[in-house]
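Next come two complexes, and both contain chain A; in the first it sits with chain B, in the second with chain C.
Take a look at the complex of A and B:
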């Protein structure tokens, strides 16, 4: 059975490498005269991917190989789009991918041996609050939200690592399966969500809040608290619509983007045009016009991808994300300790909600909020933190497997 | 020329992407097969007065006989005393014509009885509590 699994995993790896070679050959042909530069990109990517796969299999016993393969597959599709839009962004991003693979291995190993150490949940809460307060004090504003910190030439988003620490705090707090002091817990969650709202990072605030509600429900199975939490979210959303101008703009652009096409509705309208242009099979790589979509390398990369790979490609990408979430939930179900199970579930929920928020936003299913698409969007902190999240899942799985082997 | 190649390649790329997904479908099927091969615990257990925990499998025999699934060394028990089986999502307990009988919540059972959580099961002179395993961890404040 193990051998059969390994054969299947090897097939998926070869399929990933093959897609890369075909796509980057096309990109080489697009530049006239023929330049082999994109092919070097494909070779670099495949080399990092294969090396990462062998290293993870060699160093991490009892790991889940699907996590690494699925994330590399998505990263490669993102890299193809990035090269097609902006080759300079590609060469930076492939470095981030290499660093991400290393952090994946490191965090798996660290979590495997340290998950048993009981750390006070308030330590994680303090770290979360500190991370979220940092951009408010000395951050820079980018794209309407004040959630970035500039360090020399690099800027990074502290809310990315805060996602992990927040989940660990909740898992530690709820591991006994009951809410000891509901008022205190909700106050602590509200402080975190409030800090994100102050930074005008509404997508982030929504993610953190919904993940917290989901974790409380999973840990306590109390429908009353969950219903109250969701009702509070609904009230907050409605009052946000009336009190905050930027919320109103987003919601109006979502309800009817066509009333102000050159202004508020511009992003969403361009995104919808691009997706419609793609049709079922897409325009073909290099034949679309992703440059018309604003922020196409970060938030709107899914629209650019749907244009050139079509509805079928975009649907397959969504299924790959779904498979990642499925593996995460499987790891959470197999975990015997409640802290590990809740941490795995929280990370998976955070990840799944983020994908839903941004894909739902660009296809106009829900109001658009600026969060990144994990593994695909251009950006170092998102890439590395996504890999660290998967590494934590992998570490939890390893520690479970290790216990089984010991008897 | 480039357009022609691209039109051709886009179908090939989509084909390979779906081949990738097909392989993961196979992995999911293999996963399910592995789960089926090792029948897991039912999530329920019997807890005796000393705090010892007997996890319940889909079929369990209880008695003094050493080939029972749950062996209890007690002179008041018959060698094959009772049978606990899974029916759907709940567990049934059945007396196997034991000498001293099987009692649930103080009543001697004659027909198979559907156990509920926190039911008290008495076999011989031993008392057990029927619990879901996850609830025990919460009570002790320890891991699940």
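Take a look at the complex of A and C:
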């Protein structure tokens, strides 16, 4: 059984490397005069991926190899798109990937051995609040939201690590399967969501809030609290529409982007044009016009990908993301302690909701909120934190497996 | 723990739903929304395509080019050999000014992006013709169009000529027109011109039809109250309804009129009495049968001609005004040509069309779906109306449209409007025995219909029928 699975994993890994070589060869052929440079990219990526795979298999016994393979596959697709749009961004991103792989291994190991240590949930809450307060105090504004911190040449988004600490806080708080003081819990969640709202990071606020509702539901099975929580979210959304101009703009751009194409509707309309151009089969790598889409390396990378890889490519990518969510849920189900199960569920929920939010946003299924597409979007904090999230899932799985072996 | 596991599974099911909805929406988008987006004029990719592609030619019914792309060195230039007479109909395609007219409506054919069959696209690529758009052949007779345009002598107005049995448009004239070549030199002038040459009056202009609408009142009367044919009505020269006075035309003598005479001399007061007998609902449903209030699904955009639904109570004044085509009724010249066609074809309403066929670079011909005319009026009623229309041209207000040797049937209209003198209408067809052409013409603020619009229609009919005989 194990051997058979290993063979499947190896095949998947080889297929990923092969796809990379084909794509980067195409990009080489497209540059005129012919340049082998993109191929170096493929070689570098494959080297990092294979090394990472062997290292994880060697160091992390009882891990879930699918997590690493699937995330590397998505990262590679992102890298292909980045190279095609902007080779400079590609070189930076491949460094982030390498660092991401290391943090993946590191976080897996740390979580495996430290998950048993009981840390007061309020420690995690304090860290979350601190992280989220940071950009409000000394942050810089980027793309309309004040959620970035500038450190020397690097800027990073503290809300990314806050996702993890927030989930750990909730898991710790809810592990006994009941809410001891509903008022207090709600107030704590509201402080966190409020900080995000103050930073005008509405997508983030929604993610944090819905993840909290999901965890409360899973831990307590209380339909009443869950329903009240969702109703409160609905009321907040409606009043946000009436009281905040930027919420209204987003919603109107979603309902009818054609009213003001050069202005409010510009981003979403350009995204839709790109996806429409792709059709079922896509224009083919290098044949589309991702440069027409604003923020195509970050929020809108899915639109650029859809244009060149078509509906089939985009649907396949969505399925791969879904597989990651599926593995996360499986790990959560396999956990024997409620803290581990809740932590795994929380991280998976954050991750899955984020993917749904951004893909749904760029295809105009739901209003657009500026969140990144994990592993694909250009940017270090997103890449590293996505790998850390997977690392935590991996560590939880390892600790469960370890126990099995012991027992 | 078991409860927790169950809840985790519930959350997983929700995730399944979310991800499935993503893929379902993407499939829906690709299958249904895609075409509209690709052809949106906001889409920069379309202009990109435009640079790569040799835009197709628009031809008239006899294969004469009306819009063509010539290549001078490396520069592609769109030329419009038809000149001013075709400006509002053909429109323009320009990176700076966007697109209008048929250049806009037929854009995807002209660029060759309407072709969706991947095998055809592949074959075009192999044969090296993928950089060419399709040619579009119209049903328009460009000589007829040119003649009609000149007859307006720069006056504001419009004319539509169509084949009454099929709905094929033979001429769609809007005056004043413009020459779409070298648009950048004259754009400001065209925009500022108070006569608004950029608008296609024939398909977008909404006018009160005036007495030309009496064709519909007459058809409604003969359908619902056939005995009206034998009655006579008295007119003192005006009628007073709820305090509003509606007069007959100046030179109409007061006295007794039967239906034939009232139609011949376009007697308002008699038709108001007839309208009262017919009733608002019959009149309204007859107008809808003739194509009012229905959005036309055709290859060119056409404004919808409207008649408001009669109010449940009161509405005496409205009914009186509606019976003589005043009040709130609005019709495009194209709609009035359809009205004439219904009578000409013995009661069948044709859907107008302008594209005869599209020829792809590989030589494949694609015909557009022509909707079959459908019967909306009893043939005996249509024939009675036809006889009365022949009488109008022979002995009545329509005499200026009479032609020796060809029986012309018609109806004049002098529509009152808030902008000065009456709009002159003439709506007719010929030859009455076997109609080949139906025409509607309007000259804005020109005065009486017979004297001003009649001669234009006469010349158009004459040229078309003699052309057929050759």
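Quick note on the criterion: the second predicted complex is superposed on the first by the 407 of 407 C-alpha atoms of A that agree within 3 Å, B and C clash if a C-alpha of one lies under 4 Å from a C-alpha of the other, contacts with A are read in each partner's own complex, and residues count from 1 in each chain.
The rule is short, and it goes like this: contacts are C-beta pairs under 8 Å (C-beta built on N, C-alpha and C of every residue); 3 or more make two chains touch, one makes a residue touch a chain.
These figures come from a predicted structure and were not determined experimentally.
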Check the residue A:284 against both partner chains and state whether it touches chain B (first), chain C (second), both, or neither.
first
Touching A:177, do we find chain B (first), chain C (second), both, or neither?
both
Quick check for you: in the superposed arrangement, does A:338 touch first (chain B), second (chain C), both or neither?
both
If you stack the two complexes on chain A, which partner ends up touching A:46: first (chain B), second (chain C), both, or neither?
neither
For A:159, decide between first (touching chain B), second (touching chain C), both and neither.
neither
With the two structures laid over each other on chain A, which partner does A:66 touch: chain B (first), chain C (second), both, or neither?
first
Can you list the residues of chain A that meet both chain B and chain C?
177, 281, 319, 326, 336, 338, 341
Over in the complex, which chain A residues touch chain B? Could you list them?
1, 4-5, 8-9, 11-12, 15-16, 18-19, 22-23, 26, 29-30, 66, 70, 73, 176-178, 281-282, 284-287, 309-310, 312-313, 316, 319-320, 323, 326, 330, 336-339, 341
In their complex, what parts of chain B are in touch with chain A?
2-3, 5-7, 9-14, 16-21, 23-24, 26-28, 30-31, 33-34, 134, 137-138, 141, 143-144
Can you list the chain C residues touching chain A in their complex?
1, 3-12, 15-16, 18-19, 21-23, 25-27, 29-30, 33-34, 37-38, 40, 42-45, 48, 118
Would you mind writing out the residues of chain A in touch with chain C in their complex?
177, 214, 217-219, 221, 261, 269, 272-273, 275-281, 289, 292, 306, 311, 314-315, 318-319, 321-322, 325-326, 329, 332-333, 336, 338, 341-342, 345, 349, 352, 356, 359-360, 363, 365
